């Protein structure tokens, strides 16, 4: 048998069930959530519409909706919060949906989280003023679109792991986030790794694993 | 002043100086190394040719060369080894140069490192036989070219941070590593982050920061 | 003359007529179907809207609609079913529309078909539990989006032909299915060939030819 | 245990061992071959240089080298030849290296193989004159570079599985085989599936599995 | 002065005025047309909506609308028809909008035009049956999407100039017409030149210049 | 039979045999040429090395070599020259190899040809000074690399067919000729059609067909 | 401290506040504007919808809306106009929205601006007739879509800095402005620099800095 | 006549003649230089090999060679130096060849130039320490490869025009400079315009025009 798989990630105690709602119907999302609740599990649903949230409310009244981040969370079991914190650092206002997706993910996974937003490199003093706070995090998530240079600058100023999230914010030669993605992959700062464009969930999931080491 | 920058990464105790040799002349590399040795620092030089190594030997006889990984290391100060280990998991024989670059980087940074190679997904039993060993690492580096699927499979079987390194191994539609890079960025396993194509150094540097948290 | 062309594929007995509905009007689709029915032929219409189906119902009441797969089938002549079966193996729930397109295609062409879904590589034990069943198929269709790694893993575990269908499921660096397509083309497992992104029809058509050899 | 993996492809009786020589040293290739011969297995080595062949000759004098296809074969055990044949159909003279890689692969796997070359679509009567012969194959491999249109034309004239191999033959907007690859993936003929650019080995391996069904 | 420019194309007698309507408002299109009519010129308006046509009808009641081709023509002066004809050859039904744009353009420019449609390469006998007719044209426009192979096949069978128009018909790896465009640019048939994706206007304009030489 | 193919392009009287030498060995090129000479045909060999030329000289002493254009021509039968001329217009000195390939092709096909070179748009007066001469050609070939804007400017100043050849001249964001190719395909001048990057042969072949109409 | 940053661009006297409205809600835009007005600053809001303008009118009645350019300007403090002028030169009617964005930006920054539109290279005499006027500007902004050749032609005729703005005008192989962008980057005229696709704001901002030197 | 073109850039007094040596033979370069010297003009030759320099020395002994920048300069007439200076700011050591090309270009055009190198964003204090000096330039050229973030950071700290030069320094996903190019085009700092990858010449030429306004 595959008993070694008993300790697989998704069946560990305390981890929430995660539903990626894009390409699912309202009925499917509610159905999956209903089943999960019977197992007494916390739920994280990303890329969720308001309509999905309302459908979920019928079956789990404690559900909460982060509209900007398009995230539904249902907490039925208490989560112990970490002492160390994850810093989520973001360049501009338009990156906020990705910030919120990361925030909700990190929170339901039991992390202390601090947000530092609107500190893009075009006005670097805004970032400098917050660096001490950022340096004290255990792990840092950097969210930026357009040219995505923020990851390199932060990466050069800290000695903590930096997880960079390119966003699809921009137009023209940003090519839907490709520009920021390439920037982050080619960073000459050394402690940076990258997740998919707009993948706030993935960055926070990674950060959470590291924050709990 | 910029006193806050005193605790910058590159001037912390115990970290080696890193020379990226691509696009430098033999003379430049030797010159930089000579200066570093006066500061009694360990040295890591990546993408180094054999000729560079021979030039370095003249000024620091304790220099070592990993030919496959094209890495020169000079250890002049002792490095304390971590108890937890970094696992470097690789798909095929042709990925070994990147494995070796990662290995030497992690070692000179003071990490215990274990290599698990030739376990590509086309014969998945080879990987399964080594999974317990991989799961016990504190952080995992996955190196794979061609379709790069190994990162997803490993990522689904562990609850540790996975840093994925796409390699330029392949031909035709691998487009110099682009195929493996996209695979890893789109992984449906959740704990994976990615560095640049062939960037064994970057992956190990990241892993080292995490391993020492 | 071109009499040699009499034994062309599309005019062989028992093969259905195939209508690719994308970019056709409801009237055109109904018109083509009406004409076909006079020739007493089975019909397969892919990428069909519900509106097209309703229009078709007026002229051929025995028409059936697979809504998820956007496929209309009209069976006016019996089809003899094969003894060997085609296995359609799929990674995630969002890939189901492509699965259903493949399923309906294979069925109307007279094949026994078995579906094995939601067995993506991020939780590989789900796939392992079904491998014996998959191995007993005569030919295997693998459907996967995002990083598309499922094709390589299946391909390494069977000695049957594997036809891989990348899907456009994903976001960001999946670039509309390009990521999964490249993964499958670069697979280091040897018995895999690939069709266009989301082309469930083409994969099943291929599988049917092979299944009937 | 992983006993189910006993019937994995690579350890089945009669199959040759395959060495992909690109990125291996002469010593590595000879070493692998020497070990294989002790297991009394046939050997297929692709992307092999003449130098590798000469090194192999020292340890297995019965080794043969197809210079155009850059393939070494060593047959130490008899292979039973199929009755049905694989047709390898190719567009131009420059595609011959890929044809030869496919040919040697199919032969050592025990297949009867027929080559039909220099029948590109720019002079379609050349192809028409050979169509009856092509139609009688059990499975067809089509090899073409530049615009790669041959696959569609052949695919429309047969009712056998067609495995298309785009080649890197061409210049300018052929982008190293990308043009032919896209052509083949978008073919409006239905029974075509595609392998990687220049992957004669993969196409023949697939064809062999099908030919032996 | 720039008097040499008096004989510029757009101010030659007999040529219609051309309005490219994409990105223009209904008012702008009507305004331009109204002004043109005062100069007693024929009008060709491409990429025109039905709404634009209705607005034009108010000011020039003799306007005609080709809905499929999204083309408005207004003929106020007689056009002498050529004796030789332009053949417009197209692969599939979905390419008809581009065919119609080319047809209306060629007609208003005074050309005899013959259409040969639904003769894609997947059933090449359909094309063969019409080749004599196609060969007798003075210049040939070939319209095809998906893999675009029709241009190469026609190009190999005629000794007339062939102007190839890739269309955006297709999905997945057709990348909005890129696949057909590359196919046509890489054609190994020699007398083929190419215009932009979906540019029926440009192809017909070219063909008209040649037809009148 | 395929008697209709008797009037195929390649077997018409007076047309030379064309050998595309890229990817052929010296022996193959000489072999093909030797055979052609026995059929008393003129020969055009493109992308030919000096070594190939020297080998050809042994079997046909009247062979001529255009080193810049890498073209061998062998004229054994007289070619009647056209009265009208083809103008080959080129932007810069680095485009000359493509100009020469086009020139030799047009000449051996029996065309009067005039070259107008070094008239790139960065100094447009150079072009203006030659426009009357260019306008009097029957068909115009425009050769340009880097941004390729020359085709649009010429196209706007003539009422003759313009065949545009993008070249791979440039660096950085010229991406091997892609920039010039896209420029030419998107030209807002109407009488322009395009051939593959660096395809001087194809442009001249097209121009010759038109020049002889 | 970061006192050196006091002379940062965005806090200099006389510069307007800039709001990039894409991805902001109507409420956010009105909120930001309301706050700015309290600081008695001029406002420039780009990519603004009519709805945003109407919301702004409530809080600042002197707001003006350039509908074509999607720009809101609010002038509360007088701006001194430069004596030298910026010339904005544009190829076609469809480029006007970008022209207007540039125009409003340059105006609110205090520049004299002259527009020269519809002078695309396909009819170069239109441009020539205006060149003296263009040459007298201190700095020139060139706006063009499709093949974008206008920048090269203008650049070759002036000795002033040229800032080129590619636009997304076009279809097919214009790939959303990529074609014009590459053209401009590869220009063989020497005094040209380039901003992002459709970035009229950025071009005018640059031009303004230069115009005021 | 085209007398208006008398004041074209390339024939203005004091400007050097520029030879782009890539794709020219040693003989051609010497020939062009010899002719120029007879006109008593300064010469700038970019992308020049050492061999070209040695050939030039024979005809103009005062020629100088910047080996790193691959630039030959010949100054036969005095150039008046500007009072204001151009700052060339570069990220890393590997960018120096582009820096030197820019430097020599700016110098021979008569500009005072200051270089600030090795100030990449991964260690931003190095840049900060030099900002006052950079701010005092009249125009700034920023040279950076890999992720190219330096342009954004500098652009946000100055109120002078910034001309950004992406370099091809990097590997993997830097795609030959594409990553840095996209970064710079998408910069959220406002006063930045961009030239082609590695185009130090073009950046300096631009900067010189601006510096002399």
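Letters A, B, C, D, E, F, G and H mark the chains as written, and numbering starts fresh at 1 in each.
To be clear about the criterion, a residue touches a chain if its C-beta (ideal position, glycine included) is under 8 Å from a C-beta of that chain, and two chains touch if they have at least 3 such contacts.
Here the structure is a predicted model, which is why all the values come from computation and not from measurement.
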Message = Rotating subunit B so that its CA atoms sit on those of subunit H: what angle is that, to a multiple of 5 degrees?
response = 90
Request  = Go ahead and note the Å separation of the Cα centroids belonging to subunit C and subunit E.
outcome  = 36
Ask   = So how far apart, in whole Å, are subunit C and subunit H when each is placed at the average of its C-alpha atoms?
value = 57
Residues of subunit A whose C-beta touches two or more other chains = 5, 8, 123, 156-157, 172-174, 178, 181, 185-186, 190, 196
Task = If two chains touch, include that pair; go through all of them.
result = A-B, A-C, A-G, A-H, B-C, B-D, B-H, C-D, C-E, D-E, D-F, E-F, E-G, F-G, F-H, G-H
Remark   = subunit H contacts subunit F in the complex at 2, 5, 8, 10, 22-24, 28, 166, 168, 176-178, 181, 196-199
Query = In their shared complex, at which residues does subunit E touch subunit F?
reply = 4-5, 7-9, 12, 18, 131-132, 135, 138, 156-161, 163, 181, 185-186, 190-196, 201-203, 205-206, 209-210, 213
Subunit H residues within the subunit B interface of the complex = 93-94, 123, 125, 128-129, 169, 171-174
Note = Given the complex, residues on subunit E that touch subunit D span 91-92, 120-124, 146-149, 152-153, 155-157, 170, 172-175, 178-180, 182-190
